[in-house]
């Protein structure tokens, strides 16, 4: 079995497992840490996909910044376990009909995804490795395309960031009255 | 530039400098003015103008240095607009026509700047700087206007000067009447400009170019338009724009009110330069207008009628500056008359001479007003001859010049126009012209006599006139009044009072050095300026006509030969008929030749040509003298007679005094209806009813709808998320189903 | 077996132990410098000039009992120091410290003198450095003590804030060097201007260097930015509750981080192993010299400057350092654009 | 041999997990985390597809997604803090004052 295959399965299992655990247990701090693990695994998979730059960005942005932010907030609010106490019966989701409908939806959704993937596989039998390897790994190329073809989205993004920044500051500020 | 012989491409002097000097001056005064002392800001402004004058002189010198017939210095500053096939360079060109204009603008402009340094001296530093910044800005725009090689560039200047005129009319912005006058000027000009824009667009759509030379070249290849075609419409629209800028019927109403501005401004903008922009514009597009005889006729008629009408009004006005204003309107009418006759050179010639003596007259009146601490009503003046010798004599010279007494500038130019009018067979217009010159002489000398001769009527009770909120009688009361009075008039007054001339009784001091200098120079100008255009009939060779002529014909692609054959059709007076307005003596083949417009005519009718012209000159001179005589009779000899006449023809007198009630008529016919329409229909109906109704209706509908829909708002985030999820599943399902 | 492979393994081990030793050295140096700056002698008994002091410390820590607060979160409490140390060591593995060499012909071809060869090396350093914060934050949170929690909070906020300036200053150099590989960046600084000024980026990037150093100090939580472990306020902050080896690990991490930051600074700004008087294969001596200089600067700073106030720290980071770094980056980009790199 | 489908399947699984998390958890922070999972699933798809077609566009879009994620996290967490101040709770069901 090729090294790539092994790595893929290992990392993939890691990602899926940690993601499952993220939503599987009640301690937010653990969730955050597990999510970071999952991200790290994904970063590894990106490396498999000849995308070292994206992998590193993944670590820097997600693990290095966003998750720290989450952790920071969790610690700031210092919320422990999410307790089942605050669990209002009145919530629509607790009506049996709604629950059944939700379950049905979930099944349909999964089925659709499965179908989609299967459909793709029937049309794209070509192996990933077959595609010109290394062709997408060049940071230079990414930068070039990003700042030429995607110049406008890039600028738009900067605006988005600015708005988010202001919004976050306004929201989180102690309303001084 | 496209259609320029290559040698004209490399520009010797940077023409951009000419408007740049005053613009820089404007920037300095506009941004640092309030920190600069009067001396500095005024000095900067004057230096800017003088520098610009020097630059123009160099440019003109180089232009003249070139071999004819097509002489021009072009400076392509940068490509301004490039959209599709509309390619417009911001290019400047000095050709004979432009050269006359820039010399007038910068020369007289500098003089008036110098004059202003003294005249405005009582303003506070910041106001002073503001004034000069406006003045410089105006000069810059005016120069762009005359130097531009394309309509858009000209239009930039066109609008720019409009703006500056508005700013300067309303310069004393604490005085309601000044503000109103500024607004009036602006609005009226906008009407004209609208037509002007339409004209430009029409030209663009028709000829696909807005470059003057290309236009001329293209038009030149066409025959003159019989009937009222595209060119006629376009030119007519342009002319309407000109009537706005140059205060012709029907849009002349703003100019008299513009006298609310400082007097030097009236001299520079509302007499010498800006108001002549329309005339210049027609001259610049001579080729175009020559091909629209109908328009030309309209131009001529409008010009003539305006001249007469304004003259009659001027006869009875009592505000020294308003008299001059109406005289300006009427003189502009003259110029348009000339233009309409196709005698472009004559028109520009008159423009040029008029600039001298009208500026002189305004500055003189300014000196008077200055001396009388803001007094403007001639009924309260008189006997100032002794007190203000310099002012008096210079003013007198100006009056003689404008009256058209032989030997002075006004005579030659005015006479040239009259002669051309007569020669082209429009004897009605000619009569109008003569009548006007009679009126001109009369009211000018009425002005002179009432102001400078007779005895002081200084303490006369002040009639209703903005300038006389306070009695100018005695300095004490006057100063006191001024001090608590608000408004520009007031602070001008108290400034002057503090300036310390004791009102009526005590001595008035004559114009200070700076003003006197300007007056004297201009006076000399008004005497000699005419001699560049001594008609052949008086043994001169009408030099300026030859000089200007190339500017009025097309130098298109291979324009040389066309120039020669076009020029044959150029205003030679003796070929009357439809072609008449645009035909010039064959001398144009040799523009530098010493032969004059007239002896080059069909040799046979040559002698009586001269005779006729001489007689006409005699007539107009006599008319001028008579006019002066009338004035003398009525206002020196027997003052009573004047009042008697006025009384006997009371209705007419009132009609004239109220300027034919034109303002009232406009107000009744145009302003009020528009107000009523906009208030009644547009505001109450469309806006309040339709638009607001629509908005409110939408609001109500949404409100009603949401009162139903809000049942969906469980307020639980997860429910919302769920709804999104349903959507996702549905969409995915759609794709699945599609396959 | 392939000699290159052996050499690589050897290299890994060497680097690892070198880092360990450097940490030990730093402990000693810290004490000595501190002492000297306070006109004391510092450790003198253990070995010559107290050179053995760090080892004595280590042994002491070894034999200490491993304490854990009852209320602490078991797993995270153990993981935290490991994360810290691991991140610290991992960051160094892409930092070259000498020109590629074949060890005097022992190897068939030259191998570069670093552990892992990645073409985005500098970003890796950045990424792993940014992971280091988790160790501290988790330590702070998991020990379930006010002081530690505050330390952790401070650490996270501080590191997030200063990472930006850090990255910006890096980016400026990257723009200048037009590559992401530390190897090439260093080689880009070989040679001299006018024959005597070395082509170090520090001369092109004085501001960048300053920003980098400041942000680096903040990143490694050193004085005057040592808020997470502000003894006077937080009684050692995030590692208040730690003892024995796990405590040692935090210290190890701190010193190794310092070394890494200094090494990267050397490569980015001070021309790495390029220097006069020495043959290329001895270039690493220059490298060590420069690193040592920067480290000394660290110590010097710590024992010279008082600690900021926390709000001052944030003010400075966001309102001074970040704008400066951004402007510097823009200016650099403009300059490169203008002068054509 | 790893084909595109492997990656697609993986990403589908992750996406499903994320979706499930959004609906099952009753802790806003965890919900946000689940959203991050979904985003990453999508990223994976992009990168894989980009690799498949040998185009960098995939990675560039990932770059944008990360930006959006960062913005979302910032605003989201700010909201969380603000809400927590008022309600002393992180249960999304606790914030139902927006109902009619």
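Chains here go by letter, A, B, C and D, matching the order in which they are written, and residues are numbered from 1 within each.
We take it that a residue touches a chain if its C-beta (ideal position, glycine included) is under 8 Å from a C-beta of that chain, and two chains touch if they have at least 3 such contacts.
Please read these numbers as outputs of a predicted model, since none were measured by experiment.
> Per-chain C-alpha centres versus the global one: which chain is nearest?
Central chain is B.
> Identify the chain pair with more contacting C-beta pairs: A-C or A-B.
A-C
> When the C-alpha atoms of subunit B and subunit C are each averaged to a single point, how far apart are the two points in Å?
Centre-to-centre distance between subunit B and subunit C: 77 Å.
> Taking each chain's centre as the mean of its CA atoms, how far is subunit C from subunit D in angstrom?
Centres of subunit C and subunit D (C-alpha means) sit 33 Å apart.
> Give, as an integer number of Å, the spacing between the C-alpha centres of subunit B and subunit A.
Chain centres of subunit A and subunit B, defined by C-alpha means, are spaced 72 Å apart.
> Scan subunit B for residues touching two or more other chains and write them down.
Correct list: 714, 716, 718, 722, 725.
> Check each residue of subunit C and list the ones that touch at least two other chains.
Nothing qualifies.
> Pull out every residue in subunit A that's touching 2 or more other chains.
In subunit A, residues 53, 57, 65, 69, 76, 91, 93, 102, 109, 113, 116 touch at least two other chains, as defined above.
> State which pairs of chains touch, listing all of them.
Pairs flagged as touching, ordered by label: A-B, A-C, A-D, B-D.
> Quick one: which bits of subunit D touch subunit B in the complex? Just the residue numbers, please.
Touch residues, subunit D against subunit B: 19, 22-23, 31, 92-93, 95-100.
> Enumerate the contact residues on subunit A facing subunit D in the complex.
Per the stated touch rule, the residues are 2, 4-5, 8, 12, 15-16, 19-20, 22-23, 26, 28, 31-32, 35, 38-39, 42, 45-46, 48-51, 53-54, 57-58, 61-62, 65-66, 69-70, 73-74, 76-77, 79, 82, 86-88, 91, 93, 102, 106, 109-110, 113-114, 116-117, 120-121, 124-129, 131-132, 135-136, 138, 141-142, 145-146, 149-150, 153, 157, 160-161, 163-165, 167-172, 174.
> Please name which positions on subunit B make contact with subunit D in the complex.
710-711, 713-718, 721-722, 725
> Under the stated contact criterion, what part of subunit A meets subunit B in this complex?
Listed in rising order, the residues of subunit A that touch subunit B are 91-93, 102, 105, 108-109, 112-113, 115-116, 119.
> In the complex of these two chains, what residues of subunit C are touching subunit A?
Per the touch definition, subunit C meets subunit A at residues 73, 76, 118-120, 123-124, 126-128, 130-131, 133-134, 137-138, 140-141, 149, 152-153, 156-157, 159-160, 163, 167, 180.
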